[in-house]
């Protein structure tokens, strides 16, 4: 049923030793393993026992990616507004890749500078599914939603201050998108967005 | 780009006269039109000018469905816990249908009576995408998410009292689902869930 | 100091008799009087004692507009996304007018249909100040903010359902606009936006 | 009235010296004393004056357990989903033990992997009362509530990020459980859950 | 497993016809049936098909209570502060009764008039379990919790105004009770409290 | 008008140098000066320039108290539940003293151990005004309010965890006190409570 | 202890019959009785059995005021900004009167028209205690607090729309008043403010 | 369109290296650059590559201000209550200056000491636009709004404790200002306020 799916570990509350032990155990039976929200120390501990584990400092991901089979049918585009959203965008992008997808990143396309976004419309329209990562008022999700005819998975981020409320404002905005093709995941949950995008992009079942 | 997509009208704040005028105008150029959150009075006014418009009292939808072409690739399953969630589930189901999909409804499968849900696992596993409609604590989304390997679109509903907070509790629960294949739409937004499910289920683009 | 300013009455909690008495008293000494959030009954009662009072049902405003002097320097543009935001947009527009300004309304330009908004860029760029009225995710404020180089006064509206939270989501989005030229007023406060726009647009003081 | 009850100290805001002094005083007249939310430093200070005091680093509990009489009638089962909930689960478990109960821990049974939970149904059904410790969407409480016919005390935990809201989402979900046998305590309050479970499990009064 | 448990129907969102049909079906195979949050119209419709159904207007409960076997071991005491909490208290009381328990109601014992509460200490101490129903600041739960050595199930009520926040303030207060024997159910959930009290009070399993 | 009132400085956001400079300036013209929320470093800096300044580590107050005239008419009683509320209670107590009042502290009288509180009723009834400092569910305010016939100023504290919400739960409970003689100040605002208590206790004006 | 205090009934959730019965019983043994939040129907029912009961439609109070002894020492001033706050202000004023106090009402003194407030400074300074009733941003409490040297009891009102949040904004503003002589009661709680003002204004105890 | 506008960088989430690189790139083509929320380390790194960059420690701004042309028409007045609001006030002031405006700062004019504010009325009335920076109860915005006939841009600050809620209380108060000339920006957003004030104060377009 779940062929090509990685095993995924939530790294936030694990010691380096726990992380290493779990990845060692999982990678013995699964080709691909992902540890999210991992510290560099955890990455080092994992690499000591599973040398092919890769560490992405920006996304804070540990990636064991041995089965590189392609499962995706079309292309996934990850779009984000500014540099502050890049860690979450990259978490989404790497999740898509480890699940066997071709992914394109489109960054620096905030809605207050519409011309930069409009220059990317052709790229956006090549997508089978779009992941839209945005903080603050998160208007990007609605604008992108209106530019494409495929599902848009919106990831609110926790950047901003004051009434950004740690990402709640972006989340609420995305849930109220006037574009009907938008669904939403938890704040900063680039992994979840990438995972669902990969499911949408898989070869049809029947 | 958007062939097979209905025109959609948000009926909540429109008078019967406004609704009738808009549907008359839209249905002159589009085969399929949907009015969400419509009153019965609006439905009657629309039918006076567009006789083939159908009125679904439970879903509060007005449906003009002339182009019945099938666009969906697999099957969509809409699952909900109890009778109180049925209006939202039906809004989702009819949206899928008008967008050319085969849909199955699985109702009365709350998680506190797990055996009823487990009897439906085979049906759930036939889905290319699942829509899960639930209120109160919304645990159904996580349980269903764990039972299938396809995207689950979760729709929180506003039923319940006290700390149900008009659906916010269900929404928050769904956003924190421990199943990674769950994305979420606004409270009671059966339409949005159906729309995205139809997009996921469409024939691949390339 | 305040020449050309109307007297303004908050009509929400006043009986028709109270409204009539207040407007009678004020209009004896002030040429222009505005009653916001007024009922039709209040309008009828006012007109019985102040016949030149006009009643705008959409904006729920009673307007006594005898001094029609022009105080505005440039043009004010009021922009809103859909029909549901029109009552608030009209409250803003009429407030601007009674304060002696030329105003243009641009409606039906939601961000999910960007082409309609982009067709209005020239109109928007003629403004000395823009009022942007939007509900739901309120992305319009950021997009418009990026298209003009003048102040944008954003008015969140209470339309929507579920996580629209009666306009709080729109408000929060606008306060977090990534366009730096946006300031915000209370939910549904078209009057306040119009009033400040008129102040900005007045002849320079010195 | 309260024979067999420990004296309980809330350690969170006490210095090691204060903790030691209080435990010394209490343990002179009470056989069993519990200090919750204690630091290791406090534990060391207590052990210097009350050598039989035990320190549980995971639960952050200091335990003086001299009267080991059995007061419980049946068995208490503590169930939790993942490793992150273990500290709270252990605080509950040790509270039950010091109050004279037999306790079983069932861990790693999240609802998104239902088969693991279903393998434990026989264990769950041996309980006179169940304590269910869960964070994020807390769906476990409803599912477990449906599997047993005894009281379930639900403890929301503060793990998670973004919309987990420090445990509020789990709490709200548990309060809205569709299983009628669920009551709830404060976020992370393993102690309170253990205490009430022990009261329920005591020999009948009359 | 669940002998002596009533079938329970959530009446809030059902038409009289639906209620009657469900009760007719359930009461054909179950001796005892409860419909909560029922309207008088629903009660009349039920009585037309199940004549022994009783209607309690205060609690808004429909009760079919044919199997009157006693399942409770000790006594349940329901305590509430004032007359405004009586509907919820009575919902709890009747739920206990239909599940085969002896119940005592202690009303009009708010904490601001402590002498009235203190006069009832002997009654409270006869309880195997106490249900404490209170709105506003809900201090009663902590005071009662300190007076007894058995579990206290606290039910916050939605009475009050302003910062009572529809019962949230009472709920939060109860969750933070300084008495360790208090657990909490949803706002106004007298049924849930009664149900759990009955489970606690049942004959021991083994 | 304000004879006998201290000058008060909010120390939270001031550097030691700023604090010293302000106190030096104020104490040159005012006999009594208070710095709230002061660090020890600030206290040391102040004492270098104003040697008679006293530092209270528990209350985090710097006190210059040269005019020791008695302005209070009756007695002020400060009551709090546990040791964790003592810093706030002491801030209130010292504020009362520097404003010329006799104050009594009653500590360790939580409502879950009612007997301890009842032993202090005679002391409470000697008060012209009571300050009640309490965190968590803050039930103490209502109980004390019912025991006396004078004003009770309630100070919610930020202790507790989870749903204590940093003192909001205590605040909300106090605002909903069923005792009518309770008014409330900001969370942890012992200073404000002491100040108002001193005003109430002053010799009558006329 | 409580001589001169009225008996007070919370009328919000009582039927006219209940109100009449309670007032009949109380007024047989107490000279003064107050029913707050009473409907006109309740007032009529009460007057049928207690003819001297007075009904104040604005404050929604039923007042039995037979013992007209003067208990207040100084003067109480009730100040409010606009006409919308008058019902709450009058509830406070009548409570003070029935408790034997001289009261002055100062209305129509909002802070945005400071000159009107400043004209009343002499009146404000005659007060032994001030009650300040205000909605929206509630700035009046701070300004009045700075103008007098006596306690100010602030009553937030629920008027306003959008972000007025039913009075929460006014409440929060008052709790954060930069004037140290301000304490706060629940939203719209004119009664509570009047009650405490009367306590402050009573003849000294000793 | 945007002549005389600085390039603005949001410094909060950038490393010193990133900040230096961005400013180097921008200042090569733009005369004026602003970095907000910058650390001292970032300032040093920027100055190493762009020597004319100035660092303002209080406002945490890096300023490159080469084109000193005057674009403002009138005067901007920045007003704040106390020393704690000065960092935000200064961020606003420097933003105005770098955009070519004459700015006056009026500090230490809290509403609880009205005389100090009233002494500044003449200064306030010279403004073409006022920026009002205030935390806690933010009443200053309404009072200032009533004293001038020009737009007031209100900036809530995050100072205070407890119910100050990190600036939300001030924000909500400002949005509910009873003065109609007040608009609001995000908490602590001195930059945004300064930017809009500069736009308002620019030479008229036509």
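The first chain written gets the first letter, and so on, giving A, B, C, D, E, F, G and H; residue counts start at 1 in each chain.
Everything that follows uses one rule, which is that a contact is a pair of C-beta atoms (placed from the backbone, for glycine too) under 8 Å apart; a residue touches a chain by one contact, two chains touch by 3 or more.
Everything quoted here is computed from the prediction, not taken from an experiment.
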item	value
Count of contact steps on the shortest path from subunit C to subunit H	1
Pair exhibiting more inter-chain C-beta contacts, E-F or A-B	E-F
Interchain centroid distance [CA atoms averaged], subunit C/subunit G, Å	36
Centre-of-Cα separation between subunit G and subunit D, whole angstrom	47
Interface hub residues of subunit H, defined as touching at least two other chains	82, 162-164, 168, 171, 175-176, 186
Pairwise chain contacts under the document criterion	A-B, A-C, A-D, A-H, B-C, B-D, B-E, C-G, C-H, D-E, D-F, E-F, E-G, F-G, F-H, G-H
Subunit F-touching residues of subunit E, taken from the complex the two chains share	81, 110-114, 118, 136-139, 141-143, 145-147, 160, 162-165, 168-170, 172-179
Complex interface listing, subunit F residues touching subunit H	10, 12-14, 18, 37, 156, 158, 166-168, 171, 186-189
Contact set on subunit D toward subunit A in their complex	82-84, 159, 161-164
Subunit G partner contacts - residues on subunit F that touch it in the complex	1-2, 5, 8, 73-74, 125, 128, 149-151, 153, 171, 175-176, 180-186, 191-193, 195-196, 199-200, 204-206
